[in-house]
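The same subunit A turns up in both complexes below, where it pairs with subunit B and then with subunit C.
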Partner chain A sequence: MIESIEASPLYPIANPKSIVVFGASNSITSMGTSLLDSVLDLGFEGEIYPIHPKESRVQNLKAYRNVLDLPSVPDLALIVLPTRIVSEAMDACGRKGIRHAIVISGGFKEVGGEGANLEKELVAVANKYGMRFLGPNCIGVANPRRKLNTTFMAFQGAPGFIGMASQSGSFVTQMFGYLSDYALGFSTAISVGNEANIDLVDCMEYLGACPDTRVIALYIEGIQRGRAFVETARSIVPKKPIVALYVGGSEAGSRASLSHTGALAGPDRLYEGIFRQSGIIRARSVMEMFDICWTLGSIPRIKGRRVVIQTHSGGPGVEAADACARAGLELPSLSLETIKRLRPFIPKTGSINNPVDFTFGKNLIDYFSKIPKVLLDEKNADILLFYSFTPKQRLQRLMRQMGIPTDQIEIQAAKLVNTYYESIIQLFENHDKPFVGYTFQDLKDPLVRILIERGIPIFQGPQRAARAIEAAYQYTLLREKILAADSQEAGMGQS
Partner chain B sequence: MIESIEASPLYPIANPKSIVVFGASNSITSMGTSLLDSVLDLGFEGEIYPIHPKESRVQNLKAYRNVLDLPSVPDLALIVLPTRIVSEAMDACGRKGIRHAIVISGGFKEVGGEGANLEKELVAVANKYGMRFLGPNCIGVANPRRKLNTTFMAFQGAPGFIGMASQSGSFVTQMFGYLSDYALGFSTAISVGNEANIDLVDCMEYLGACPDTRVIALYIEGIQRGRAFVETARSIVPKKPIVALYVGGSEAGSRASLSHTGALAGPDRLYEGIFRQSGIIRARSVMEMFDICWTLGSIPRIKGRRVVIQTHSGGPGVEAADACARAGLELPSLSLETIKRLRPFIPKTGSINNPVDFTFGKNLIDYFSKIPKVLLDEKNADILLFYSFTPKQRLQRLMRQMGIPTDQIEIQAAKLVNTYYESIIQLFENHDKPFVGYTFQDLKDPLVRILIERGIPIFQGPQRAARAIEAAYQYTLLREKILAADSQEAGMGQS
Partner chain C sequence: MRADDLIQPALDRGQSALSEYESKKLLSLYGIPVTREKLSHSADEAVSAAAELGFPVVLKGCSPELMHKSEHGCIELNLRSEGDVREAYRRIINRVDLELEGVLVQEMVSGQRELVIGLTRNPQFGPCVMLGMGGIMTEVFEDTTFRMAPFGKIEAKDMTEELRFKAILGAFRGQKPVDMDMLCRTLIAVGQIGLDLDTVSELDINPMIITPEGRVVAVDALVLLRRDEK
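Up next is the complex of A and B:
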């Protein structure tokens, strides 16, 4: 474990004050230009020095012929050059005194043969100068809080709490929009490429020390330093959870990995074991990985697997009960105290069991305040799973029948929904018992978005919710296990 | 099996020319008023007769004191009255000569005790007059092509090809919006409630004969007539697929079902056997059920389990390969012919394996026309799984750098995307080899919606796509098995 985030080789890479860019030009179709564009688009506030053999200006910035000509020593070199001249540029950087780089260019180890030799050469040059670098064959880093985005796609959305290290660049860039849809975002996302110098383990260390990162996501096609991986993960997990997706375990996944990054995937069971030993939660898909991150980064720690479900519809309640059971969660009976407290709010057509079914209760506010309050107090349950369906239509219809002018209805109904939601948001923010929601509505619906923008995880369908709850509880257990083992070890050291 | 759709007791219920409504009033909060509102909202074109003991007009319609006073005999009675007076209304309907009803009211068998007796009485009244009815404790029918919606929620979206019978009303009404999000819709959706008279089997028969229904969806908490269920399903499956969700198999699901509809759920394995025998595809969630319906209703029949994946990003390609393998699908090697034909379109950084990876190919049109054309011709594959990520941002950036005025860029990029999409839509519409897409984008994004509105199933994440493909192939097998058994039986009959 590193002492502080500044001790990580990734610190200057993810937080540079100045950057030199190799490979950007005034040609609009070049990758290098695209990358420089991304840096400029997000409004990077430090110095940017393009290197170009001929042009005196590149994308409206003063360009330099040679890195040695630069007026100062940049924190970071960004290299997007043809494979065969990358080492040469790296050597020039080393001579200039630059100690950190991102090598975007591909054509190295992942293509085999001569590429593998070129990668060895690159590593040797870096070692000569004590340089640390990310890549090659990566797309770099997005650290939106520092307005840094070295990927070839424009950043979308806002900074968030998910720290990601990925063996796929697409799972960085193509997730900008995806995470925004969930009101989530990256603290820092790192594309590691071939990991010739900086690897997943370094990334975990960095993200473990990063104060903006509440949860770490890893996309893995193959692990190089197994032992260091396990040890580093174990040192981080007591402080923050790590969620990983490994797709090389199936034969098809393994073959596809090989042609993607050249990673040698191992059998599924081996990786399963590594993750268990590391205290890492394993996700089965990219979407599930982010579902779990969402939950772990948003709710208080879950202390057990007992779920109480609140619904106003039978079918969605039954499906949620089934989904919880299949995910390994329990549905406890309600305590007498809870039953007594719920009785005034649940109509005769409803049900005071678990799921609690409000059916067509008349006082909608009860659904969003009184009932969840009672259920969060339930001592037999560890978490509330809340069925969310915006009552906009019902309210609009009532308003129309009450004679409210047509042009007012939409806005008045939205206001009322907002009031209801404010009640449940207050419970969410002020109760130490966790809850999450599920819905079949689109998360882009403005009236669903209110909830997710305030940090409440709402999943499409109860299965995703149940799986995320189960994984979040797994984290509680994994963490306790590591803490227990550590304290036992410490005890033995003393004796 | 019924001779024609008109022979079904559900025909007058789902296609009435005139309706009498019991329980609607001028009180805006009553359920009955809400139902009448839904009927009116969708613009039902037949006669509507409200029955009310006091008012002369109900919701601006002429009201009648007694059903016997009506000027004609309506096709359908819609009953939303307090439980204890439902039989009385039913009896009056019988005397008037009405032969079909929907009983919305609850408080019958599902609450046990006296409710069960009231249900017996209701059945006896119906039998006395030879009446057929849906319910009680249901929310009726939505047949948007006939502008009929008897549920208490306003219909949203457009008519579609999914015929649904559901033991949960919410999985009818709360899916109106959900299906619209996928550019899908119901042909007819039926909430069966307690099935005191018309049951799931009747619904399957109706939907089997319904020309607008391409695929049947069933939400099941318990089956009453097992043998008839199996036989009816087997008679339909050769013509159209049936997909079912059964959630009573887990203990928690079973308990929740019991308090919802009073259905006695059976062990999971029993239902698994019933579905297999029936040739029904089993879904594991409501969302998965509709995913499978979407696929089966949209693509040509899948002849095998061999999938070829097309991607422009390594990570999403690897995840799709893994998802397919885990779903039981195969990823064949490409034929030499295909490899030869692909070579001009795939850049050196890409991969001509399966997944085919375009990476950063320059000619985007190749991705949407030439490459999928070659892959659809691949004789080693039965279906193409296509990674879809709108290149809008890339195009916008290029246009900006080309000096196209800022206010033109958005619209020009969208136009270009449209051109690309038109190419792939042409392939989709004119090739007899099926394909489906997967994406991490929101389906509400206008540039994703183009594809789904033209009928291409695009799933969020490769897992949903792989599962839907596997289920669609299962249908091919289940259908063949039934046809083979039927023809063997026919052969034996002749000998």
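Up next is the complex of A and C:
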């Protein structure tokens, strides 16, 4: 475990003050050019030095023939060159005194044969100068708070709280847009490539120490430093959750075995146990991974698995109850006190059970204020699952009946919805018990976005919500397990 | 006795596994409960071993070459008298065409709940311990869980929580809940074998029977050895 984020070899890579770029030119088709374009597009504020053998300017920046000619020593080198000349560029960086690099170029170990030798050569050059580098065969880093994006895709959205390390570059770049649809974003996202020098464990350490990262997401196809992985994860989990998607684990046991144990030790099963031992929550898909990250990064720690559901309609309530049960969650009965407190707000057509069904209650505002307040206070429940809807149409009808001018209705209705939402947002921000929402509305709807942009996780369909709640509770349990083991170990050390 | 005193001679004899008898000796060295048993080399020896252990007993052909005994028809269960033992001894000797280390006479442990516990090695994670539902249905249920060694009691207990059929570890059809402490110590000890002994490549305890009183007993065991490649 590192003491501070600055101690990580990734710190200068994700937070450089100056960058030298190998491989960018004025040709729009080259990968190096797209990459420099991304860096410029996000508005990187430090110095950028392109290296080019012929051009004197590259994308309106002064270009240099040789890294040794640079007026200062940059914090980071970005290398997007043909495979065979990467080591040479790395060596020049070393001579210049540069100690950190991202090698984007492919054609190394991943292609085998000669590529594997070139990778060994690259590692040897880095070791000669004590350099640390990400890659090769990666797409680098996005740290939007520092306006750094070294990937060849332009950054979209805003900085967020998800720290990601990925063995696939696409799950960095292609997630920019996906996450911003959910009003989420990366704190830092790292594509690790071939992990020739910096690996997944280094990334976990960095993200564990990163103050902007509330939850760590990992996309894993295989772990290299297994034992360090488990130990590092266990040291981070008491402070922040880690969610992993592991694939490539469904193949049969890698070799014939004479023992039952060997025959049963296929990678998928082994990783399942390793994740649990590490305190890592395992997601089954990329979408589920981010659903879980969303929940864990947004709500207070869940203390149990008892869910109370609030809806305004039978069907969505029943479906949510079913989804919760299938996800291993419990639906407790309401306490007498809660029933008493709810009575004034729920009409006779509704239901004061779990799920609580508001139906067509008199005061719509109660649905967004008094009712969820009572349910959050319910001592029999650990979390509220809230059916979120936009009552705009209903309000518009009411306003029409009241004779409000047509041109005013749209604006006034939206305003009123806003007021309603403000009450529920206040509850979300101030109550110590968590809640999440579910809906069948489009998350791009401007009114729905009000809620998610204020940080309330609202899932499309109760199944996604239920699974995310269950996973968030799993985090509580995994964290407690590791803390208990740590204190037992500390106790033994003393005696 | 030390583990090396068991393993080194076996390696010197060119064995790729320890026999059941030797395997259980190794487990005993690590405090893992195993069946009471004696190795016999004649029907007379088998009879006196049975008398000492108390009837009923089980007879098994014992050899490091016999990795899956039931398939070779060299297990005789539930032998209740001197006569049973003599006949069973003869049947085993006649049926098996391998050279046997001897015939193992062991107490008959009854219990309907069977676990499998094992050790495997992974290039990235090193020695890993498995716990699962055991017996003949092991590969059918595939209800197993793994941990990287070493780990403590809390993690061992968590392995039991992860099994789909964990209900059988509790009070079950008039039988007592499993001695959780003993089960956890066994899991930890198997990991320790993996950490201590590079020469052990894999290990199976199958079945590990849970008795009606809740004790766990290794009824059969197999230790595979790693021979240095020449």
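Here is the rule we go by: the second predicted complex is superposed on the first by the 479 of 495 C-alpha atoms of A that agree within 3 Å, B and C clash if a C-alpha of one lies under 4 Å from a C-alpha of the other, contacts with A are read in each partner's own complex, and residues count from 1 in each chain.
Please note the rule applied: contacts are C-beta pairs under 8 Å (C-beta built on N, C-alpha and C of every residue); 3 or more make two chains touch, one makes a residue touch a chain.
Worth saying up front: this structure is predicted, and the values here are computed from it rather than measured.
Chemist: Considering only the touch criterion stated at the top, classify A:E489 as touching first (subunit B), second (subunit C), both, or neither.
Modeler: A:E489: touches subunit C, not subunit B.
Chemist: Quick check for you: in the superposed arrangement, does A:M1 touch first (subunit B), second (subunit C), both or neither?
Modeler: A:M1 sits against neither subunit B nor subunit C.
Chemist: Regarding the shared-chain residue A:K481, is it in contact with subunit B (first), subunit C (second), both, or neither?
Modeler: It touches subunit C, and subunit B stays clear.
Chemist: For A:R269, decide between first (touching subunit B), second (touching subunit C), both and neither.
Modeler: second
Chemist: Once chain A of both complexes is superposed, is A:T349 in touch with subunit B (first), subunit C (second), both, or neither?
Modeler: first
Chemist: Mind telling me which of the two, subunit B or subunit C, contacts the most residues of subunit A?
Modeler: Here the partner covering more residues of subunit A is B.
Chemist: Between subunit B (first) and subunit C (second), which does A:R227 come into contact with in this model arrangement: first, second, both, or neither?
Modeler: second
Chemist: Quick check on the superposed pair: does A:A158 touch subunit B, subunit C, both, or neither? Answer first, second, both or neither.
Modeler: So A:A158 meets neither subunit B nor subunit C here.
Chemist: Per the definitions at the top, what is the overlap between the subunit A residues touching subunit B and those touching subunit C?
Modeler: 257, 259-261
Chemist: Along subunit A, where are the residues that touch subunit C in the complex?
Modeler: On the subunit A side, the touching residues are 222-227, 230, 257-265, 269-270, 272-274, 276-277, 481, 484-485, 488-489.
Chemist: Which residues of subunit C touch subunit A once you look at their complex with the stated criterion?
Modeler: Within the complex, subunit C contacts subunit A at residues 17, 67, 116, 118-120, 122, 124-126, 128, 130, 132, 138-139, 142, 144-148, 151-155, 158-159, 162, 202-204, 206, 222, 224.
Chemist: Could you list, by residue number, the parts of subunit B that touch subunit A in their complex?
Modeler: By the definition above, subunit B touches subunit A via 28-29, 31, 33-34, 37, 106-107, 153-154, 166-171, 174-175, 177-178, 181, 219, 221, 245, 247-253, 255-257, 259-261, 284-287, 313-319, 321-326, 331, 349, 351, 353, 355, 357, 360, 362, 389, 393-394, 397-398, 401-402, 440-444, 460-463.
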